[in-house]
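Two complexes follow with chain A in common, the first pairing it with chain B and the second with chain C.
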Partner chain A sequence: MNKNRLRRTMMFAPGNNPSMIQDAHIYGADSIMMDLEDSVALAQKDAARLLVYNALKSCNYGNTELVVRVNPLSTPYGMQDIEAVVRAGVHVVRMPKTETAQDVVECDEQITRVERECGREVGSTLIMAAIESALGVVNAYAIATASPRMMGIALGAEDYSANLKTNRSKEGIELLLARQTIVVAARAAGIDALDTVFSDLNDMEGFANEIKLIKQLGFDGKSVINPRQIPIVHNIFAPESQQIEKSLNIIRAMQEATAKGSGVISLKGKMIDRPVLLRAQRTIDLAIASGIISKDELYGYEVENNG
Partner chain B sequence: MDKQQEIKNVAQSLNMKPYKKGWNSATHDRSYVPRIELQTQSSKLVDLETAIMKSGLKDGMTISFHHHFREGDKIINMVVDKLAQMGYRDLQLASSSLSDVHAPLIKHIQNGVITRIQTSGLRGELADAISHGLMDNPVIFRSHGGRAAAIENGELHIDVAFLGASSCDYLGNANGYSRSGREKSICGSLGYAKVDAENADKVIILTDNIVTYPNVPVTISEGDVDYIVLVDEVGDASKISSGAIRDTKNPHDILLAETAAKVVEHSGYFYDGFSLQTGSGGASLAVTKYLREAMITKNIKARYALGGITSHMVKLHEEGLIDKLLDVQSFDLVAATSLKNNRFHQQISASTYANPFENGSAINWLDVVILSALEVDTEFNVNVLTGSNGVIRGAIGGHPDTAAGAALSIVVVPLIRGRIPCVVDKVTTLITTGDCVDVVVTDQGVAVNPARPEIEQRLRKAKLPIMSIQELKDKAESVIGKPDSLVFGEKIVGVVTSRDGAVLDTIHQIIDEQI
Partner chain C sequence: MLKSASAGTLESGDIYIEVSPIIEHKIDVKLTSIVAQQFGKRIKQIIIDEIAKRDLNGISVNVVDKGARDCTVKARINAVLNRAMDTEVIKWD
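Entry: the complex of A and B
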């Protein structure tokens, strides 16, 4: 499993909807998240689990990252969900309503057990945790670092704002602290930060504004609920040409340094720090994913982080 | 010689007659009645029963109708009810198409009034009953171009045409709209009906809106019209045409439309002055919207758009992106209104549109056509008529005509509909032959007919997701498996003709599986 990859968009698909599950990847989302939790009625839990299990086993989703949101372990369904999806080879288990590091540890233990039982490499299943309460926000860093499986943390804004005793506004002022806390915790832990869904499909302008905001805050991407939202996110996350050019120069300088066997990378007489290099790599990954440049244009550059 | 004698002699030598006061008895009498009043006394205006009797219709003859009123049509049921009541039997019904609303024909087939049908399509209960063996004679399916040709060359002889119109003047000039503003419904073009009007032995116009002469510009001309019948309503206005075709919000359709627009853009046929047509179906109709952006960016204008005209097309026409519209059928109210108001939105007959034997048919001057499908097979053959359950549920329309006529034909189809694969080994019913299908666009990849390697090369260069048709079929099967084959009976319920009138395929009675 690739922990470091682009996650600009994670598209939700209800786990009990076969037609949405079977081709959820065709709209170009970086990740698809099949849901066994809130979008599935209690009476449908078993059917959805079976469907998602078979979809993971038999459908070819190409390079798309496959995430399943399981029910909490505190419910009668959580354990069965983990059993099914880990066996089916899911890339990432998404935990809902995560409040403490202990929640992650328990989930990790169960995943480890199932991996052993089914002969899957231990540690190959990643975890991401959705933080949906004040307690979860307070514990964000502890959650982010609770397991080596952790690949990201995400904000679940509906439950969170209810927990805060407020409601969601268009501007999202009530989410600011949570968003910033999650980005900071994710960065400190070296994992991804993903923003909450935007549910008004008739307000594409509001959606675009929110993407600009969360990109500026430092998020890696956003959960989306409809394919129509995907190109909007990808366009806003697409780097500008000047930025790409600069990044390409940095990468080429690195390639030259490597070729010379030199550990020090310099560009136009200035030394390149590691953070600058990492940012340049991410820009190039984004540019490739956005179709602005092709891999062929990067002589010798390995696209390590993409897929 | 006196003048009178001279006139007599000259008339005789020229085999003419000398003038006599009051003229020949067949000549129209002079009248001093104000003409606005006089026209209301038109002898063509009769009730339906009189019109039928006077038309000379006999048992065993062929009657025809058009489908411009779509699901709102009340003409066919009304006329056949009347014919049944008058005791007619063994009639052949030749409509340009039939739909859900024509289910009442089932009883007239059972009681022997209608014994043969020719149409472009069948839907709903009628289609279901026919698929299950309702009729003794198979339905003859013709494309729009094929039907026009068959009528013109006499293969399909129409004895009496019953043609609904949104307006007609007292002399028989009929249109799919009117300038009186009092029409109850507006369908726009009467392109399919035009062929019937020009070729049927007798023509009866049925309208709910008689207007004063002259109802110009004229679609069906008074010279072709024998009788005019005033009816309460020709149909349900809201189902004949309403509003603009709505932008599809179905993500599959949007993805298909965007991909198809990219295919057009990079096909080599996207040049300033190109021509295009889009077929029915959410995805193919939506292509116009996405093509518009590329047209603006690349400063490309279309010379004409053809076929079923939609609000999308009208928008581009009014923006100056499409020079002219050739309209055989107006798909929505915006298109119908544009036909009435826009000078270069031209109505054309089905023959001018798609007659396979005429070089001048508009389809032959098309660069690009974008069509939909129920199924495509690995030979690029297309089925638009029978569903995956073997039941008739569609219409040939202009599919094979435009695919054959255009320089580039693109078929858009989802790889999978629900649990049904749309790319298959062999289509259930062959409608458009694979040699006329150049590109198949699905939501999971694009396949180019091996006969068009130059197009494949261009599309690959543009980074479109090119796959072989076989790969697409395998992909569909890998998700949903291979469906069991259908169980058909011996009885042939439908005959599909090719656009030149040959027998292309047969449709057998479907046997419902016993569960």
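Entry: the complex of A and C
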């Protein structure tokens, strides 16, 4: 599975709704998150699990990353959810309400057991953890580094706000510490940071403002609950033309240095260090994903450089 | 052994399935579907195949299809059979 990929949008799909489970990918989200937890009534947990299992096994989701939010292992459903989705080939298991590194370790152990039993490559199923409490925020870095399967941590703001004994505001001031802690922990661990959902579908301006905020804070992307939210996130995350031009030049300089066998990359007399190169690569990935430049343009540079 | 049970919904893209035990040794499937003419035979076959995998006989199946795809039919028939047999033991294939 690809740990390092674009995750600007993770589209939520209720696990017991066949239409949404089968079609969630057609709206262009980078990842879809099928939910077996909060959106499924207790009496329907068994049916939703089978629905997600069969959809994962037989539907063609193209290049979309497939994530399933399972029930906590402390409930009677969590184990069976992991059993089903790992066997079905899910890319990422999303753990809800993660509070300690031990939660991740236990999930990892169960995934490893199922991978062995069904013949799937051990380690091929990734984990992302949703942090939804004060304790989870305090332990964010320990959670982020608890398993080599970890690909990201996400904020679950509703439960977190309730746990703080406050409520969510439009400005999100109550979430600031949690958001920054999650981004810092994710960066320190070398994994992704995903922001919480924005539930008011009638307030697209408020939604756009929140995207600008979380982009500036350093998040990789956001969980979305409606297809209408996807293009707004993608547009705000799309790099500007000047930035793309600069990044293309950096990539070109890197390719020239590689062709010459040089370990030092320089552009217009200035040395390019690794963080600048990584940022340029991410900008190019975003520009391609946003449809601003095509892969062909990039290949053009490669051909030119190699020639 | 087998009790009456149901699974699924009447929402678009879903399928609602009820099963109940009958005395005769047969699998009796009654299907109502908006696409019965095109896909009725296929839907029935998926249902019969899944029942046969469990060696069940003497079962009446009432199905209302709302345009479910094969994977949904398979998921719902297995959910209802688990409920009717009072088991959560799933044979993964």
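Brief remarks on what is shown
Quick note on the criterion: the second predicted complex is superposed on the first by the 299 of 307 C-alpha atoms of A that agree within 3 Å, B and C clash if a C-alpha of one lies under 4 Å from a C-alpha of the other, contacts with A are read in each partner's own complex, and residues count from 1 in each chain.
Just so we're on the same page, a contact is a pair of C-beta atoms (placed from the backbone, for glycine too) under 8 Å apart; a residue touches a chain by one contact, two chains touch by 3 or more.
Note that this is a predicted model, so its numbers are computed, not measured.
In this overlay on chain A, chain B clashes with chain C.
By the touch criterion defined above, A:53 reaches chain C but does not reach chain B. Taking chain A as the reference, the larger set of touched residues comes from C, when chain B and chain C are compared.
Legend: residue contacts after superposition of the two complexes on their common chain; A:227 is shown touching chain B, with no touch to chain C. Legend: residue contacts after superposition of the two complexes on their common chain; A:84 is shown touching chain C, with no touch to chain B.
Look at A:17: by the touch rule set out above, it reaches chain C but stays clear of chain B. Once the two complexes are laid over each other on the shared chain, residue contacts for A:27 go to chain B alone; chain C is not touched. Once the two complexes are overlaid on the shared chain, A:291 sits against chain B while remaining clear of chain C.
Touch criterion met: A:118 reaches chain C, while chain B stays clear of it.
According to the touch criterion, the shared surface of chain A, contacted by chain B in one complex and chain C in the other, consists of residues 18-19, 22, 58-59. Across the interface of their complex, chain A is touched by residues 7-8, 11-14, 68-72, 74-76, 78-79, 82-83, 88, 90, 92 of chain C. Taken in their complex, chain A has these residues touching chain B: 18-19, 22-23, 26-27, 58-60, 226-228, 291, 294.
Across the interface of their complex, chain A is touched by residues 249, 251, 254-255, 415-416, 418-419, 443-444, 463, 475, 478-480 of chain B.
The residues of chain A lying in touch with chain C in their complex are 17-19, 22, 46-47, 50-51, 53-55, 57-59, 80, 83-84, 87, 118.
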